Amino acid sequence: MTLLEVAGVSKVFPGVRALDDVSFALRPGEVHALVGENGAGKSTLIKVLTGVYRPDAGELRYQGEPVSFATPMDAQRAGISTIYQEVNLIPLMSVAQNLFLGREPRTTLGLVDRARMDREARDILAGYGVTTDVRARLGSLPLGAQQMVALACAVMIDAKVVVMDEPTSSLEPREVETLFGVIQDLHERGIGIIYVSHRMDELYRICDTVTILRDGKLVHTGRLADLERVRLVALMLGREVSDVRREGFTVFSGDHAAADDTPVLRVSGLSSRNRLHDISFGVRPGEVVGLGGLLGAGRSETIKAIAGAYPVDRGEIEVDGAPLRHPTTVKAVAAGIAVQPEDRKAEGIIPGLSIRENIALSILPRMSTFGLVSDAKIDEVVDRFMKRLRIKAAGPHQRVGDLSGGNQQKVLLARLLATGPKVLLLDEPTRGIDVGAKAEVQALIDELAAEGLGVVLVSSDAEELVEGSGRVVVLRDGAVVGVLTGDDVTTESLLATIAEAGA
Amino acid sequence: MTVLAVAQRRAGHAFQRQGALAVLAVVVLIALAAFPNFRSPDNAATILVAAAPPMLIALGMTFVIITGGIDLSVGSLYVLGGVLASWASQYGFVAAIAVPLAVCGAIGLLNGALIAYTGMAPFIVTLAALLGARGLMRAVSDEGSTTYIVQNDAFHTLGTGSLLGIGNQVWLVAIIVLLGMVVLSRTRFGNAVYAVGGSEDAAALMGVAVRRTRIGVYVLSGLLAGLAGTINAAKLGSGVTVLGAGMELDAIAAVVIGGTLLTGGAGTIAGTVAGVLLLGVIQNLINQVGDLNSNWQQVISGAFLALVVVAQTYLVRLRRT
Amino acid sequence: KSEEEPATTGAGAAPAASQVVQSAAPGAATCTIDQHGGEKIDLKTAKVGFSQSEKEANPFRIAETQSIKDEAAKLGITQLTTANANSQFNKQISDVEQMIDAGVQLLIIAPLNSDGWDSVFAKASAKKIPIVTIDRKINAAACKDYLTFIGSDFAEQGKRAADEMAKALGNKGEVAILLGAPGNNVTTLRTSGFKDQMAKIAPDIKITFEQTGNFSREEGQKVAEQLLQSKPNINGIYGENDEMALGAVTALKGAGKKPGDVKIVSIDGTKGAVQGIVDGWISAVIESNPRFGPLAFSTAGDFFGGKPVGQDIIIADRSYDESNAKSDLASAY
Amino acid sequence: MTTLTLTTPRRADWLPKYGVYLAIAALIVYNAAFTPYFLTVSNLRIQLIQVAPIIIVALGMALVIGTEGIDLSVGAVMALVAALIPLYLGYGVIAAVIVSLLAGVAVGLINGALVAKVGLQPIVATLALFVGGRGLAVVISDGQLKDIRNADLIYLGSGDLLGIPVLVWTAALAILVVAFTVRRTVFGRRLLAIGGNRPAAELAGLPVQRVLITVYVLCAVLAAIAGLLSVGRIQSSDASSIGLLIELSAITAVVVGGTPLTGGRVRVLGTVAGAVLMQLVIATMIKNNLPPSTTEMVQAAIILVAVYAARERKTR
């Protein structure tokens, strides 16, 4: 018997056929992987299943009965709970309030029983390895902890189906293990799980079944163990297995040390409020320097401080030998620093504007004479970058907000590159990006470094960090606790440094 | 996280929340020292009675603003409520209260439904309601020329009588404000209000009835504005038609001074109470100074508003560092 | 440097015409301190409160407030407090209540509205504070709720305006009314007085247009422009205050009309409007005299001195037309 | 099925974009049938003259709204200008113009600084000047309404150039300049980006504060121009009543014209159409001698219908 199934669903957005005659079935106790490139339609399928979107065609069946969920709440009441791709909680409310939103325990008077709510929240979260003040605002928690709260939220209700859209993209290794423990438990209780991720290792570790989407169409569904890894990737990308095998999975060349000795970026003694303490490092042209550490180690703040977006109390920043005093974002960009923020939705893209406007945003003065914009110049640049980054869209005039996550990320990168920067600061550049695009981004980073740029790379993916960087600066609690160089740049030594510092 | 850090953050939050209260305390202390007339208990009672209707309006506005909305129609609903209450008082006490509440609640419902179901901006929907409700008020009062006189003694007493030396309406408003606090901080509806303002999408995905919550706050705001007009009519003894202009902006100013974010998702009723009282006390002080030209009064009010809001912004920022 | 004032309006400091009581009609109700209650006090040392309703931003309000202050200074009254409600009725109520709390012994109120004073009366009568209301009447019992009313008869002003209009039009034609602010008692009375009288004395004059200009020159002009465009045959415009009438004059100029093509009658008696008569654009202006100071304080003085004072003191408003406009221009406010 | 998917989005696109023009057309047809002397040049002229100041103010408001802001102080700016003009008119009209523009710049700088530097919410930042600005203007003018006799200034507000009022020329010029600014200039694009996502614009290295301050200055300067022309049109300066409640008319025009209050988009022609629509509604009411109650209720209904038609539909 199937728990949840759809037959022949289609969903059209203006200009895009996001789902085209897709069928999908989930059995009780099954962990079902949903994979595909960025924009393949995974999130859309999930939203159709959970009542966020109404499909244009197709039938939805739940526990054998045809159903139609008008709102996510309907789906939730019926026992389908979801962790969406972007953390979807309420940052200004407390952790406990988030956890119990809409189902707060009440006293006999009908008032919310806060004491009980806090107590239960503490207990529940402890089960997920989160020990935090449950009365603190959720937004003050690191992203990973927020994701765990979202997970707890989804699993807490008496669900029969749990949908997870890229739950691990902002989790650290320890948290990932906790999550897998939870999944195992759900699996044993006969709950069906739909699991979306771009991380192959994870899929093979926990999933039973796989459904592959490409360009909104179903290309394969079956047991995951029967499907070889290269074949899965080939199906996803729509390429030949032999091509994939030849190119491999990581495209980093492995040579990221630079010969030139004068750093293009030099940070010394950077301190900021209570978050950053005396951080120093340098990046030479052609070098990729990784910033390692656990979530909350202060990597993002370091990057933002360099980019002029986080207040600096002490310390010096030099770009190409020229000091950047009292950095502001305007000065930083002018000095040749380009920053890709961690939170693409809130700080990266401008969703209401077109791809074209987004890419041209930082270089408008160069695209204009006497303040008048030249569309021809912009078109040329936009066209070049859309091709180079292989941005998949209806055209340069499509709203960025309507693109899939991966393509939004590419638009963002295109904006950075268009400024012709000397230093690139990349905060989780491949988070939520499919293997194909990930390889492209990684290749791009390589290529840019080879062209002489200095790159600072933040990634929670240890493998990516190690393979992509020539040197890794390890942070903890806002301070440098170690630097890995040369042959020392390995996953093992990275984890060891983090662990050692933590001890 | 250390215990100390938690305690520190708590203190910080309290400070942010009670910023308006702190400013109010300072202003009152200065006034007590500087103006002998300010000290009389009668004066305090006058301030409280005058603050009663705006307090109700600001209370409703607080709910609306926490959801990230705004309600510009309250000034018109206030006048309409007063006119209807006075007119209906000829049919008895119950009618005098029920009629304005029913009509103003219905207009609030219309506001809420339009905002929740069509996705139109609250600013513009309630701006239309501002015009529409004023038009309705004029339509029921011969273009504003008929002033209905309150004809029910019990109803009149509601506005003019007092208990333990404190005006009836002050008691009434105090009770409603306390109820409002409980609703906002201790009920599921209250949590939903914060959730909708904090992140509408997330709230919807987490199963909060977003539409119902939105409609709820506008109905509440309409009801409270109507009730404010009603108790004011009971006090004045008639349905004065030339009231209410600019009342919505006063209410918004009070709410903002009280520390509620116009972006939604955060705010407290205690802050709003302090905000309303602060505006009332400033008004009273300007009068205490006496011979001030009316135009200067407005200049000073504007400057003071800017000062308080700017000071608050910096206080909050100071706390964050 | 400001624009040069033309000689006609800048002419010297002619004495301002002070108010004259219309008629001390025999047998009219009066009020004494015994009837009203309270004690005899010396006006000079009394605490007096004056509550103004609207901003001092038009000639009438400026002249009114100034007149009260000047007279108080002249009489040596040092404890005068003033407040201005800025057109917010609730503010006026709390302004007055605050004055009562502060212990004033005499209240002079220019009320924003005729109704809604119950709470003030309750508070004032508890302390037996006499209230003199000026320019607008309050709907309540004289000599009980308040002491007396001093002011013009607005309906009468409307009547006199109708008389002037009928005269100017020769008892026939089409007339438009530029109404004051809606809901305002002054608007209501100046409208009803005008219409009633017109129906009585000149039934052939049709009132075909009534739109509010909110007592403002700009809106008066806008409405008049629309009026002149869609009713080109209009013969007369009645402005319920001078400002709107002057707006109508600008509209007439813009529409290419000559002075006298459309007859204008208005109420107030500001310099600008009287000058309009001199220039030929306006036919007549009914005065509404704002200089309440002397009469208000002399009435209060009489009252505190134990003399009976009238409960309804209606002042004699003058009128301006081409016969006296030039000569009396200096005494307009 | 295919035809359906092709036509549905088009219809959905059409109404929001052109609804306001449709409403204008409907009103014109109604008036042509029922209002005497409606289809005349003199009427067109009067409506254009009356709507011109609102259009000028609304254009500035549209820019501010494009940054996800709002400016309540435009009426106060007009009042300040009206108060200042008589003081400097003795030096000639040029001096009056310069002083007006400077007043606009000053107010714009204050608003802009409060929004961009201090970080206040626009509605609160501009509320202070909304409350205090007009009071200050009346203080400056000493409460006196002053007649304007300077022929040059009167020409600006009431005169014709090539048979068309100077006021209308000015509004047309303002429309062109603002449309051009939004569509073709670096400043315009930045403005929209800031309205679309301010933190992102900041990280992208845009001079966010400078752009915001400029936007508020532009809005106030446009209001100052409207104030100046209105003084010339009314031929008197009355600080207490000029531009009263124009902020609401301007916001209404902008929103009815299809510019969302959420920022990131500015519809210049829509704004003009919005202002014209509201002007026609008022004119229709006055010409048909309807009382204020009816006028207000009809205005409310029209705002709702227009905004409903122009609203952003969410795909579901």
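A few notes on this one:
For clarity, chains are labelled A, B, C and D in written order, and residue numbers in each chain start from 1.
Here is the rule we go by: contacts are C-beta pairs under 8 Å (C-beta built on N, C-alpha and C of every residue); 3 or more make two chains touch, one makes a residue touch a chain.
What you see is a predicted model, and the numbers here were worked out from it, not measured in a lab.
Shared contacts of chain C and chain D, meaning chains that touch the two of them, come down to B. In terms of the distance between Cα centroids, chain A is separated most widely from C. Rounded to whole angstrom, the centroid-to-centroid distance between chain B and chain C, based on C-alpha atoms, equals 35 Å. Chain A and chain D have Cα centroids separated by 43 Å. Spacing of chain A relative to chain C, judged by their CA centroids, is 72 angstrom. Residues of chain B in contact with two or more other chains: 138, 143-144, 293-295, 297-298.
Residue numbers of chain C whose C-beta contacts span two or more other chains: 55-57, 182.
Across the assembly, chain D contributes 138, 143, 292 as residues in contact with two or more other chains.
Taken as a contact graph, the chains fit none of the simple arrangements: neither line, ring, star nor complete graph.
Pairs of chains in mutual contact: A-B, A-D, B-C, B-D, C-D.
By the touch rule above, chain D contacts chain A in their complex via residues 1, 5, 9, 184-190, 192-193, 196-197, 199-207, 264-265, 315-316.
Residues 70, 72, 114, 118-121, 123-125, 127-136, 138-139, 143, 248, 251-252, 255, 260-262, 291-301, 303-304, 307-308, 311-314 of chain D are the ones that touch chain B when the two sit in their complex.
Across the interface of their complex, chain C is touched by residues 37, 40, 42-43, 45-47, 49-50, 53, 138, 141, 143-145, 147, 149-150, 156, 159-160, 232, 235-238, 240-243, 245-246, 283-284, 287-288, 290-291, 293-295, 297-298 of chain B. Within the complex, the chain B residues that touch chain A are 1, 6, 9, 182, 186-188, 190-192, 194-195, 197-199, 201-209, 265-266, 321. Of all the residues in chain A, the ones that touch chain D in their complex are 12-14, 52-54, 56-57, 307, 309, 329-330, 332-334, 339, 341, 346-353, 357, 360-362, 364-365, 367-368, 371-373, 415, 419.
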